[in-house]
Amino acid sequence: MTYSATEIMTIVASRFLTNSDICFVGIGAPSAACNLARLTHAPGITLIYESGTLGTRPDVLPLSIGDGELCDTALTTVSVPEMFRYWLQGGRITLGFLGGAQIDRFGNLNTTVVGDYGNPKVRLPGGGGAPEIASSCGEVFIIMAMNPRAFMAKLPFITSMGHGAGKGSREALGLSTKGPTRLITDLCLFEPDPETSELIVTAIHPGVTREMIQAQCGWPVRYADQVGLTPAPTDSELAVLRDLQARTKQAHAA
Amino acid sequence: MAEFMSLSAAVEHHLRDGQTVAMEGFTHLIPYAAGHEVIRQVKRDLTIIRMTPDILYDQLIGMGLVRKMVFSWGGNPGVGSLHRMRDAVENGFPQRLELEEHSHAAMANAYEAGASTLPFAVFRGYKGVDLPRVNPNIRSVTCPYSGEVLATVPAIRPDVAIIHALRADRQGNVLLEGIVGVQKEAVLAARSSIVTIEEIVDDFGPRSANAVILPSWTVGAIVHVPGGAYPSYAHGYYKRANAFYIGWDAIARERESFAAWMKANVLDGSPDSFASLAFGSRKSA
Amino acid sequence: MAEFMSLSAAVEHHLRDGQTVAMEGFTHLIPYAAGHEVIRQVKRDLTIIRMTPDILYDQLIGMGLVRKMVFSWGGNPGVGSLHRMRDAVENGFPQRLELEEHSHAAMANAYEAGASTLPFAVFRGYKGVDLPRVNPNIRSVTCPYSGEVLATVPAIRPDVAIIHALRADRQGNVLLEGIVGVQKEAVLAARSSIVTIEEIVDDFGPRSANAVILPSWTVGAIVHVPGGAYPSYAHGYYKRANAFYIGWDAIARERESFAAWMKANVLDGSPDSFASLAFGSRKSA
Amino acid sequence: MTYSATEIMTIVASRFLTNSDICFVGIGAPSAACNLARLTHAPGITLIYESGTLGTRPDVLPLSIGDGELCDTALTTVSVPEMFRYWLQGGRITLGFLGGAQIDRFGNLNTTVVGDYGNPKVRLPGGGGAPEIASSCGEVFIIMAMNPRAFMAKLPFITSMGHGAGKGSREALGLSTKGPTRLITDLCLFEPDPETSELIVTAIHPGVTREMIQAQCGWPVRYADQVGLTPAPTDSELAVLRDLQARTKQAHAA
């Protein structure tokens, strides 16, 4: 079966999720990946959305972080101050998902502004939950499609911290959480180099070359000694994902 | 003590030009009808506070009523940018918009501190990021026990909070359920409040002993506005009009289409303009 | 992830000599059966934390298991003194009892901070009173915005929290309702926890969208102990045995009558010793 | 109808309560006074107990601060952290009630310890909610029966603050609440002198003399220029109070 770049990105992300994960889920690709995992190999996964819904099991993907579907299918729903105090800051979330408009090679993200903060070229939505998701979750997965204006050598603004300036930056700030352990893109998988914490390519998706990856990346891409080949999405993975997306589209068009 | 009144009287009585107002709602229960009445009454020079400013704040900004916005995420959820907000920030149209920007964790804590009448909130956040460089209201305190340095944010204490809730009883007690966001905190943190509701009931009847209820004596005005959250939603009454949110992108992208839409649907509208849309779209909410 | 086990296994597995334990319950849902099991297993040198230590803590102290107590109000509610606690503090019998004393506001905030994994809590309190003179853990911070000096208290982070709740489902999610006190905070603040419950259900069924629930993955051991809160009560299951509380005064007043009662009712008892009393006294609870 | 000292104390306290009061109610005499007011002239009074119950209407008086009766009849019940943060510290309570083992002429109270704190003669239960009730409520009523070991020239320990060392003490600590505005005893009513904040007698209960008051008080009692005579409890007040107490006694003996 053929598949899109977004589909393989979502499916690769979903494969890393397990029944024991407690996930803080963002809208878009993270939400699709988490629910795909829940509907396939990880039915016991715990999904939390920052709107306050704990242990939710939506039948269609939410358009917003607070769609009624999330509350209707949740174990319970807490207030937003409680969500950020007891649950996120409380260190109970094993895995947070982030995306962004721009990323650097240490997994720092910008979702705030392009250009000068006081006089921006493009005003982006802002950080939302990201700064504290990045610091409080046990580890972080980032999902982003590659393009050279998004994968930048230097960010104009750091909205959420990845590995800072490299290995040791998080520890220097007193953080004991891992930060970004995987960057899942439409072309390949990045993971932090154990020595430097720079995100390096550890697996390449089927049909993708190193030249294609570098063409979409604003910094010189580095590769692990052993670079794997991502298994192609299976028919079954694609079928469940497409069914979910179709139900979602129908629901939101109503 | 809560007073039942009309929407126009509530906005006229409680909100004045130049004040600070929080129209809260975390996707659920966004007080659209009340916000539209603020637009019809042309309240100017407002400071608007909200964690997740979406279409309603895009409209207030686009209509030139806003001096400053305090926020943590400003977008059309799942769709994209708020074009009127961007036009104000990037181009100063229709006027310059001052931003005070925080993270969600900071804002949630700031509302919590406001409801507790503390002057500030303490939390573990803003590690290794740039927002503290551009927002002088992000500061720190040192834990007097561990020596840990923690982030602080000033408490949010709006002049007026505006929320939409599910039901009020005849005594003016107000019930919320579902995704309750920071609405209770916003009302408790504010000096006065307007609460629009879907329904007035004689009595709340059987309910959880721990139901989320604002007692009558914590609320300013109560206004019965069925459908008042549309295109947001009201748990158990109607669903979120996701199609409306998707459609807003095209409307708000250009100044002219925005202005025309606002005239037709808000300026020439009334508090019940959207009720038929809300309940027309009713499903198994 | 919550594990269903017997009461004796839960106490054996989760609580060790010398640890800090919070057996919480604000009048409602006090974990008597679990506390009695702690006494039967003779866990020693404990630091016990509770806002309102009442008969259960009087029993732990009287049996000589407690080194230190962190508390804000230690009495038999509506009746009078805790005689075993007084005997320990005033006469060092059966051993010296160290006290760390706070106000309710401080303790409530300290639990809240513990659940939030903050190292301390800030609140407006202790104005013009003597407790800060005798408790070096009462300190202060200065608001970085207003300059106001506010009181602080270290967060409560017990090794173990023990609470009694209403129901658990088969997945080990736990539901509380009614006067919920600080029990949820105690469990979230603790490194491990034991939750005794009145009932196991397949599914919680229809409920408030905002029901007070501890997800399975936040709980250590779950133990099915019907009547486990007696002489406290369980909302919807049985009422508070106020007569027992009144009667305790005479039992605990003398060392001998206390020891005899403990032997007959606790040491020689079992987790279900009080179930018949709880449900024998069942009324329209 | 004859009446006891406790009855007149409770009834006098109840008379000061109105439909617009938001009361933070303690167990014992305050609870009796508040519910008597609710069952007589102030049916709209809002009663709050620190266990979290907002707007409760018990049919019998609770023995403890958290009897099920309070929750069953409440508008809603919040957690204890919320009670102390949003409701008490939030400044929403117009009237708090306090009692104590010992009091001084400025309405400071001791419920902590008799003797030295580290080596006490009598260990009392402690402050509980009192320190912050005393500072956060709009005003405070104190209810205590008089006796010379309770009404003391100097307290061994200040558990909750009244008027401190006299007028200006509260303001000096940044408090804008009024503190004790009434001390209701079994013999008379005290109110703060507007000049000094010392509690002075403003009304005397029927049949009580100034000598009887001084005999029960450890400091030299001062009197207002105009000292009123407390109206005796009416038959109707006594009937409602006794009915409430009888229902309560029956319920707690069960």
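A few remarks follow.
Chains: A, B, C and D, in written order; residue numbering restarts at 1 for each.
We take it that a residue touches a chain if its C-beta (ideal position, glycine included) is under 8 Å from a C-beta of that chain, and two chains touch if they have at least 3 such contacts.
Note that the coordinates shown come from a computational prediction; the quantities given were computed from them, not determined experimentally.
Chain centres here are Cα means. That of chain C falls 28 Å from that of chain D. Once the centre of each chain is set as its mean CA position, chain A and chain D turn out to be 57 Å apart.
One finds 39 Å separating the Cα centroids of chain B and chain C.
Counting partners per residue, chain A has 71, 77, 85, 89 as the residues that reach two or more other chains.
Under the contact definition stated at the top, the residues of chain C that touch 2 or more other chains are 112, 116-118, 123-124, 148, 178, 180, 185, 209-212, 235.
If you sketch which chains touch which, the pattern fits none of the simple shapes: not an open path, not a single ring, not a star, and not all-to-all. This structure has the following touching chain pairs: A-B, A-C, B-C, B-D, C-D. Across the interface of their complex, chain A is touched by residues 1, 112, 115-118, 173, 185, 188, 209-213, 215, 217-218 of chain C. Those residues of chain D that touch chain C in the shared complex are 27-28, 50-53, 62-68, 70-71, 77, 79-81, 83-85, 88-89, 108, 112, 117-118, 120-132, 134-136, 157-161, 164, 169-170, 173-175, 251-254.
If you check the complex, the residues on chain A that touch chain C are 20, 22, 46, 54-55, 71-72, 74-78, 85-86, 89-92. Those residues of chain C lying in contact with chain B across their complex are 116-120, 122-124, 137, 139-146, 148, 150, 152, 154, 177-178, 180, 207-212, 235. Of all the residues in chain B, the ones that touch chain A in their complex are 26-28, 51-52, 71-75, 77-79, 81-82, 85-86, 89-90, 101, 103-105, 108-109, 111-112, 123-131, 134, 148, 178-182, 184-185, 212, 233, 235, 239-240, 242-243, 245-246, 281, 283, 285.
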